[in-house]
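Once you've had a glance at the structure underneath, I'll fire off some questions.
Each chain gets a letter, A, B, C and D, in the order it is written, and its residues are counted from 1.
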């Protein structure tokens, strides 16, 4: 398969998985908060497609796309969201605590900003051990308001660590717009630069562009170990937490949402690939149905699998 | 969660969330120094409904959102309190407030003392305990014991709507920092509501039910479990006194000890962990202060010694309930315990506060 | 602080600080995954001498200074622990570590559990309790009860040099995060030191002195006060059993209860605050587990309910000492108490660990 | 008195007070940690001389100079350091917890960085109350490594608060040099700018220069309420904590110390005033002896005053 068609496949798969999560949610079998990435997939796919398997990824509350883009196991993710013992975290974590070490996805937690320093620690360990793995950590623009973000930039720059800080700016922190959180003059790339961390801002909905800036950043990191920051502009389509839409509740406008939907990362790549003759309706249909089967099977397994036994409550407690 | 049983008389009936909102509005109407700030305070969900409409009534100057900077914002609230305001700061989860304990414990709690009385820090920090629907290890902690451990802080845990409002008013009026611990599951519980003067002062426990065989003292949602247990025990001829502690600091030792001196048996029930928690503190107070009255070893009902699991299968066995209280009391009195006591009635889902709840947060 | 009384036999004699340094060096020699990081670790003072010479022996890759960013650095240490290292992180004061409790409590303590056993976080966080010479409200807190409240953490409080080293080694070898609480006043106390296998495992208390009339269980410097009290009580014909708890989590309930079942009287003594502290936890354990053995109400000796005052005149009355322990025991046994018991001998300055101490930090 | 001679007097007074503290320290009557500002006085004096009485100042562990420069009461400061009940904090705080509300000195605490947000809170209260007071908060370059520094910049900029962030860069945090804490490319003024906060860097040992940048910043603040940051380069002469010198212990060189001593803020201003004919030996001697008397009296009072009674332990506890 052409590499960019493969990228398209990954984008589409994440989209379809999350739409399936949304659709299945009202069966009330996924009894945990879910933060869907629908609309933001290009950041995850663009960056992760430039990473090697041995590179590492961490994320926050909105982690499904990052997990899947890095190659995290879909079945185990859905088992986890269903609270089952064979989930990737044994049912202890749910949607907000995904992990797949084999794929290099080292964990996600829903305390805003808290995986940023942990990711820096992974990279520091790699440096001390003489390994050249890169660690990419995904977070939202809200997380840059936590002091630990700057503390982490400082440490990573000080020690010349191979960290790729990836900030997805989707304009909102829950229902709070930028105006109530950050002065208009604030520059997230400027914060990075003030620490000597090379930073670039890009269209986070265009996976080709994301791949371009990620590649450039990673090339820099390969040459001389140092952190980089990517600021990717994007937009969350669905409600902050949950399966539905929330444009009607009043914190943002339907127009804004529709304008961003025009810039659908899946459609943008699809149209480009079709125009370039790399993708046909037939190929896409085949991909969709193949992915659809995979998802259906994974849901069937997840719904049917067994819950942890009561005694498991005390497993893995110190 | 069952609604308050005694919804009678002429008063209004509100939910816990509505009562907090009413109390906040009352406080803001009485005192222009009161402001409320926190992530999402003016947003369409309004902190589970507790802040809805406040910005409309009091304006953006007094009701506002904040950046996701818990540590600085707490210091900022301290500065505001030092400079003429009475801020209420909200956290959607106790877990998020951990980023701000340096400011709470080193600063807010100590400025009055360590500057020789020159300054006071009148502020209220609301923290919400999450539970159920897969909140999991980082969205469900109840760490009121931490704050109860710190001289200079006050800590309240209202249960019923009336108390939520009364304790909120008293907390705002207090000249010292007060940690106001809400439980998410109490936001939906309905109860009697009166807009008059607060009944009990901050620091006083409430004897909700008199009894003579055993004293059950509890915090937060465990008060409801204790009431339910008392009902079941009553059916078996055991008369339990139930105390809603209301405040974790200061503790109402007097009410506690008077009750145990009367009943001679004691069970403490808390929503937090066991070691160095409030239940142990109550047991310790009773052991030290009512030793001669105790007819049997006291007991403590707390969370098991693990982080909160996310899977509904595990959270169902994680949280203690009324049957745990019943079991404790019956064992203490040397009575047998029904082996099926912990079984869950058909249709009851233990990860939901009420049947209508569907998460996702 | 008096030096360990029993310095006999063939072993070396070291100070507490030297023992910690030795233990660290041993751990680093045995295991290349061990690194030590913290503000001032490689500086000329070397964390009260506990890290002196380590950078020379192990290099700047394994022994290094950090920015003043307690929160991030704790997360970084978590990441290192997840990725093959065993970091030791130091804080010159417990008070400074408050900036990092989110990482300690939400992350370090929970990753092993909440990811279903996929990852472990083997790290040691050293926190030093300040006292004396005007350390005041923000440089002297002892908050081990907080960490003891959190499932997923272990908490140790060594007293004697040998234990400082043994518990450090055991903490570093442990696959879970361990909070290692040092008391500044124990850094200078000298004692026997053997480089062999650690004696007691982490989680076990040590009965330092056997007795039959009362059990005194203590943490940190209060162990020394308890020993001194036991000596004085002995002179009056009262035989006190003294237990050095050593660990605040897990607690050695077995040793504790066995002792109280024997003596029938119990005093807990801790260096922290009372409410929801370790002394209350011990009293609660005893009340629940040895109720029938208790001949009198148990007692808890803790800090008074205020922040630490800076003035030497106030810190002198702030900290409990051996006379407080003696008083507690005598009252419990129904004996009279010398009204002059709290008077301070000529020349003794209560804000100094030893006569040579002159601050300034 | 010529205003600049008055500035000189303030500089000299702070110098003499702190030297007296150092000298008296070994009587072991000041039983608390002391962090002397000797060598760094120009920052305190330069900034505070441009503030109005109703403006507010906060500081950290090294606060004597800021307290005195803002007009804090000397007697009560020395009483406090001696642990006496008539000290500015009733003996509860000591050297690290000074306050003089009448002078607009709103407190200092020794947790690095922690007064930064509190100062922002003072300024926020002033804004909400419609007052135009300016709040200046002093801290070291080490404090800029704490995340709360950036969080505070963000909030102050977001709300257009009258805060003057004053960072004294004395090159060390305790005994730790910059190299082990901040990447060389890091820019503290850049961090401010990335938040849209106007910032300037200046020679912190030249009180005239400090006054110049402070005046400019404050003029800006007066025109349109917004925070500003001053980064003042300076050097601490004595040991980090305590009364002595510590160049010999190995974390910095005697040469570095001597080079900075050449740039003594007191001497620099003295020489300039003498050259300008504004100051004579006679005038300086008169100032010195007047200040000397004041200090001697204050020490005598402080040493002789009474300690708090034991019952005072529980005063002002909630």
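Basically, a contact is a pair of C-beta atoms (placed from the backbone, for glycine too) under 8 Å apart; a residue touches a chain by one contact, two chains touch by 3 or more.
Please read these numbers as outputs of a predicted model, since none were measured by experiment.
**Student:** Could you tell me which chains make contact with chain A and chain D both?
**Tutor:** Under the touch definition, chain A and chain D have B, C as mutual neighbours.
**Student:** Would you mind pulling out the distance in Å between where the CA atoms of chain C average out and where those of chain D do?
**Tutor:** Distance between chain centres, rounded to whole Å: 36 Å.
**Student:** List the centre-to-centre spacing of chain B and chain D in whole Å, with centres computed as mean CA coordinates.
**Tutor:** Centre-to-centre distance between chain B and chain D: 43 Å.
**Student:** Please report how many Å separate the Cα centroid of chain B from that of chain C, as a whole number.
**Tutor:** 31
**Student:** Residues touching two or more other chains, restricted to chain B: which are they?
**Tutor:** 66-67, 69, 71-72, 95, 99, 102, 106, 113-114, 136-138, 151-152, 305-307, 309-310
**Student:** Note the residues in chain D that touch 2 or more other chains, in rising order.
**Tutor:** 87, 89, 91-93, 97, 109, 111, 145-148, 151, 154, 158, 180-182, 317 - these are the residues of chain D that touch more than one other chain.
**Student:** Using the definition of touching given at the top, classify the network of chains in this structure as line, ring, star, complete or other.
**Tutor:** complete
**Student:** In the complex formed with chain A, which residues of chain D make contact?
**Tutor:** Contacts found on chain D: 145-151, 154, 157-158, 180-188, 190-191, 193-196.
**Student:** Contact residues on chain B for chain D in the complex?
**Tutor:** Interface residues on chain B, with respect to chain D: 35, 61-62, 66-67, 69, 71-85, 102-103, 106-107, 111-119, 151-154, 176-177.
**Student:** Quick one: in the complex, what on chain D touches chain C?
**Tutor:** Residue positions touching the partner: 25-26, 28, 31-34, 83-85, 87, 89, 91-97, 109-113, 142-143, 145-147, 173-176, 180-182, 241-243, 249-251, 307-310, 312-314, 317.
**Student:** Over in the complex, which chain B residues touch chain C? Could you list them?
**Tutor:** 71, 95, 98-99, 101-102, 105-106, 109-110, 113-114, 136-138, 141, 143, 145-146, 148-152, 248-249, 251, 272-273, 275-281, 283-289, 291-292, 294, 296-300, 305-307, 309-310
**Student:** Where on chain B is chain A touching in the complex?
**Tutor:** Residues 39-40, 43-45, 64-72, 95-96, 99, 133-139, 304-307, 309-314, 317-318, 351, 358-361 of chain B touch chain A in their complex.
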